[in-house]
Amino acid sequence: MTDTATTERPTGLSGLLSRITTGSNAGSLRTSLTTVASSLAAVAIALSICAVLLLVTGKSPVDAYSTILETAGDSNKLLEMLRRSTPLIFSATAVAVGFKMNLFNIGVEGQYLFAALIAAEAGSRVSLPAVAHIVFILLVAMAAGALWASISGILKVYRNIHEVISTIMLNYIALSVIQWLFENFFRDDTVEGLNVKTTIIAESGQMPDLVDGRLNAMFLVALATAGAFWVLVYRSRFGFRLRASGYNPNAAEVAGIGARRMIIAAMLISGAIAGLVAMYSVIGETYAYGPSATPTQFGFAGITVALLGRNHPIGIVIAALLFGFLDSTSAVLQLADVPNSIVKVMQSIIVLAVVVVNEATIRRLNARTAEQMRAQTDSGEAS
Amino acid sequence: MNLLQRMPRIVTIMVVFVVTMSVVRTWTGFDDLTSSGTIGATLRLTVPILLAGLAGLWAERVGILNIGIEGMMILGTWFGAFGAWKFGPWVGLLFAIGGGMIGGGIHAISTIRFGIDQVISGVVINLLAFFGVRYLSELAFVGQPQGGISQSPPQSSAIGRFDVPFLSGGRIGGWTSPDILGNLEERGWFIIGDVAGIARGLTNGVSWASLIAIVLVPLSAWILWRTTFGLRLRSSGESPESAESLGVNVIRVRYQGLLISGAFAGLGGGFLAIVSSSYYRQGQTAGRGFIGLATMIFGNWRPTGVLGGAAVFGYSEGLKLVAGNSITGLFLFIAIVAALAAVTGLVRASMRRTLAAAAVVAVAMLAYLTVDEVPESLTQSLPYVITLVVLGTASQRLRPPARAGVPYRPGSAH
Amino acid sequence: MTTSTPPAVALDGIWKRFPGVIANHDVTLSVDRGTIHAIVGENGAGKSTLMKTLYGMHRPDAGTVAVNGTDMHMKSPADAIAAGIGMVHQHFMLADNFSVLENIILGSEPAHRGVIDAASARTDLTELMRTVGVTLDLDTPVSELGVGERQRVEILKVLYRGADIVILDEPTAVLVPEEVDELFATLRRLVNDGTTVIFISHKLDEVLQVSDAITVMRQGTTVASVAPADIDRAGLAELMVGSELPTPGGRTTDIGETERLTVANLSVVGADGRLVVEDATFAVRAGEIVGIAGVEGNGQYELCTAIIGLRPATGTVIVDGDDISTASVRDRHDAGVAYIPFDRHREALMLNSSLWENGLLGREASPELSTGPLVNIGAARSSTRDIIDRFGVLTPNETVPAFALSGGNQQKLVVGRSMITEPAVLIAAHPTRGIDVGAQAAVWAELRDARDAGCAILLVSADLDELIGLSDTLLVMFDGRIAAEVDPDDVSPAILGGYMTGATTGAAS
């Protein structure tokens, strides 16, 4: 048997995830600094690629970037950034829970839209005191998201269907089911015109604003969720088992951590968090669900934010703020004659660059750790 | 390889299908179940899914998952529409292939060169393609007549269609041959009418592009199983270590496989933008890349299987399009097929199978008798539900490439 | 030996360093054409590194490689293949879903304009098989072949490429005795046809039986070249080890009366519906080590995983009087069953996680290592430090990722994690596989200490010296059944071998 450590380390996603455990490695400070530096480098690379893209297509990267930078001084834009980052934090956290055990929840999109409809409808049908009403709606949203996500978990555990395929299929199925439920049962028929919605939620169930009309308290819930994620994943026994199942599922099984239970649990938690994605809109802005009023596409955006934030809560919050900021600049960009869709292209390229640079950094860090260990222990095992 | 061995099974499936459909049609009076119109629509709707499935197959046969097919198809729709708008439909298809290959190339570089996770790379490519073509539209289509950020200007010419002479009234020179199948179909005789309808659907008004796509099925099988290139390509998906130890350049083969995969996906996208319609529209792919992946899985990673899977989706979509009210007839179809399965279960003394099949018969019959109309919103999800059901019931008998999805670094063999 | 023709392979002054390790130094080797040349040495003596050098899988830092008298500078296996060198790897490199034919011709396909000429491949291979004296159905998928047949496919692969120098890396490790005999007959036939065979092994009897010349390696270098006629087993072993074979010592304490592990009528059904463990019944008493001998793949793995609850089984498993037959893995663990897995990388370690997290795995629910629902990181770290100290894991601290440790130290961590809980029953599968002699002695000492403290140990091993030296009772598994129970003090490897291969059938316990 040959024991050359350089060939046995898992790379890919598990390698990426493994490095993120805070405070568990020798020289973890230097490791963290290296990863932060490499992320910044990756963002810089991505911005340069976008600059080239702009140049090639006859637009001025200088105009684009200076417009974006100027926006950073505008306090309204900064509030806009916080507002836009709220759903991203939820979505990315939901995705990251799955990633921790190498489970790809690509179905956040369907889960949160389904949850938004169910929670909006449930919230409009009850009357409760102020705080309890909000809590009730949030709990219903989490339950609905978890329910939809659990289908994929069950299909994986009992029918061995890969969650990537099942969550994608369930996204499309969710859209159908939502449309059917909405058209036939939940639509508020008193509303005329195109902007159809569910019945408006009573004031007791409306999330208060932090800054009038610009930011509501769901942002704080998002931050709290990220914090809870940290405790759950890095400090709790459940989190340890979750990560163990991701690092080495066979070893986890041998250690008595049942893979089936972990898969179901991870999907339920992921779906529950996903259920909160659109709540900033449902109970904070429109106070109802509506096919055109409730925002879409945050499920996929969450994947990119989770990757950019390396599945760590602090990273996710920073990445969500960055993406929220970039999104908030699109209106200004259009004024400066730069197609605002470049913002989304930029985000995709940033994620691709970060993932690539991460992979290279981890490889190098791992090789260095192994070498240092050899030097320190000086155990010369041949072949 | 074992086409001959498989032939009888395919024939059995087809005979069961036609006879059952014929019974259902006569019973329910839904003539569109096997009409040439439905089958023609089925063919048009099958082709893009088929190409997406083959794209998945080529990628997984070299050992790499391709979740980015959807994105590569999106690139195909955009570049295809652009090329067709500027230079005509055939050049458009070439543009579409090129667009898909860009996506395939990105996937190859990020997973092979940089070793990033294959699923992540695919997901990012989907996003990049979706937003990238929006950006490109803003540059190329905005301000053009009928063009905009989410739509291209319409193309002025289309790819030709043909009718087969004598069978479906095709023209020879200036003379229109008799439409034999069409006549037979109109009589509506039991079985004969159905066969005629199906055959006419496949021979009447067929786009040359569809023909090319269908030919790609045996071509893929031939290349993968009969040529040196194909053997080496598959070896990369089965055991890259042994391939490398025998001097196969696994890295190069993987790049080639992904570029071919991208080309197939791009062609599928191009078909949507040039043949199925005459312009690019945002969201035109509508998840067909993902359905293609599903057909690859239940086609058991074989080209003919992919064709079969794609046809199931194409048919369910085609029927919905041509005669949405006939869909309840499918409940009866399912009930009869399940009843046959229950009988074979009894013959083989498999209690579980018999009971499961009997349960399906009961549910399907109940649905047929009680449901008058399936809501439009729910029928949209039919292909996706079918995918999950098929995966859930057939996944035990599947034989994927042994190392699909497992990253490989050259020199890691010991 | 001196001949007029140059040697088939001549290595001179080969050095090969890896980061922190000198794997080969000053290696000299001369292999005559048309002979079977054995290279013997312990695990880690540098044999595999040397063969990789010869096969072009890496380049030596110093020294020369000459093939048939010509100096070679091989950059890849392709160069080696071109020079007529072929390698049969210890771990077969075959595509399971491919047919025998596809596996053999891959990379050297007879083709006409890119289209495989299957007919001519078939003719060539039939002819080749006839010459070598093997028969295989060319259309069978490799997944349906047994180990011996797979090895024949590997050899055919090499010969099909026209190799006249064939390297076999530990070819007999996976074979049962009859297959070994067949292999040797095949090798003989090859050599008679002019092929040169280089045969790597650490099984001395085989080496003495089959080879024409022997080169001994120790600690990264070649220490002697001898002819089999001039040396016996003991002499060869001394050259290999430097002094004498490590012999596991006897015991001084008594075996207890109480049965701590009782297994009755345990059966396991395999994936193909066949019984892979059939009606296993035995008991392990306090302070007793029961060894399980057997050629790998005769149900040992399934037996162990069934006892720890990882695999559904019928029958009874009782630990300290408690019937745990239907309990979960975790409940069995809590009942006092500990497990040292067969493969530490697959089943025991999270390679990218820190040592303390690895030390915690499986014990995260124990009250002393947790605070309510949270992990008590301080306690977990100090507990892992205990393992490191007590089992002599060579590492600067407990925060190092597991991949950075050498194989032996990883194994010591795994063994320590299983034993530090002072389990009632320990299932130890290959506890010293792939580790160096020093680590092996340390693990053996720990097993004896645990036994003396009253632990009931079930020991599965492929190393007969380990089994005979440690076990108080020895069971032999063959084809899923416990074929015999023998007294380790009174059994020779030869007798044991008879039971292991099914050649002899004895009284089942």
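As written, the chains take the letters A, B and C, and residue 1 is the first residue of each chain.
Please note the rule applied: a residue touches a chain if its C-beta (ideal position, glycine included) is under 8 Å from a C-beta of that chain, and two chains touch if they have at least 3 such contacts.
Computed from a prediction, not measured in an experiment: that's the story for all the values here.
Asker: Count the C-beta pairs in contact for every pair of chains, then give the pair with the highest total.
Answerer: That would be the chain pair A-C.
Asker: Which chain has its C-alpha centroid farthest away from the centroid of chain B?
Answerer: With centres defined by C-alpha atoms, farthest from chain B sits C.
Asker: Starting from the mean Cα coordinates of chain A and chain C, work out the distance between those two points in Å.
Answerer: 44
Asker: As a quick test, compute the distance in whole Å between the mean CA positions of chain B and chain C.
Answerer: Once rounded, the distance between the two centres reads 47 Å.
Asker: Nearest whole angstrom, what separates the Cα centre of chain A from the Cα centre of chain B?
Answerer: Each chain reduced to its C-alpha mean, chain A and chain B end up 32 Å apart.
Asker: Mind pulling the residue numbers of chain A that touch at least two other chains?
Answerer: 2
Asker: Residues of chain C touching 2+ other chains?
Answerer: Residue numbers touching two or more other chains: 48.
Asker: Could you check chain B for residues that touch two or more other chains and list them?
Answerer: 414
Asker: Which residues of chain A touch chain C in their complex?
Answerer: 1-5, 8-10, 14-15, 18-19, 21, 24-26, 28, 231, 235-241, 243-244, 247-248, 250-258, 366, 369-383
Asker: Would you tell me which residues of chain B are touching chain A in their complex?
Answerer: Within the complex, chain B touches chain A at residues 67, 106, 110, 114-117, 119-121, 123-124, 126-128, 131-132, 134-135, 138-139, 149, 287, 290, 293-294, 297, 375, 377-378, 380-381, 384-385, 387-388, 391-393, 395-396, 407, 409, 412, 414.
Asker: Hey, which residues of chain C end up touching chain A in the complex?
Answerer: 18-24, 43-49, 219-220, 308, 310, 328-330, 332-333, 339, 341, 345-354, 356-357, 360-362, 364-365, 370, 373-375, 377, 394-397, 399-401, 403-409, 433-434, 436
Asker: Using the touch rule from the top, collect the residues of chain A that touch chain B in their complex.
Answerer: So the residues of chain A in touch with chain B come to 2, 7, 11-13, 16, 57-58, 104, 106, 155, 159-161, 164-166, 168-170, 172-173, 175-177, 179-180, 183-184, 300, 303-304, 307, 339, 341-342, 344-345, 347-349, 351-352, 355-356, 359-360, 363.
Asker: For chain B, which residues are in contact with chain C within the complex?
Answerer: Listed in rising order, the residues are 226-229, 231-232, 234-235, 238-239, 241-248, 399, 401-402, 411, 413-414.
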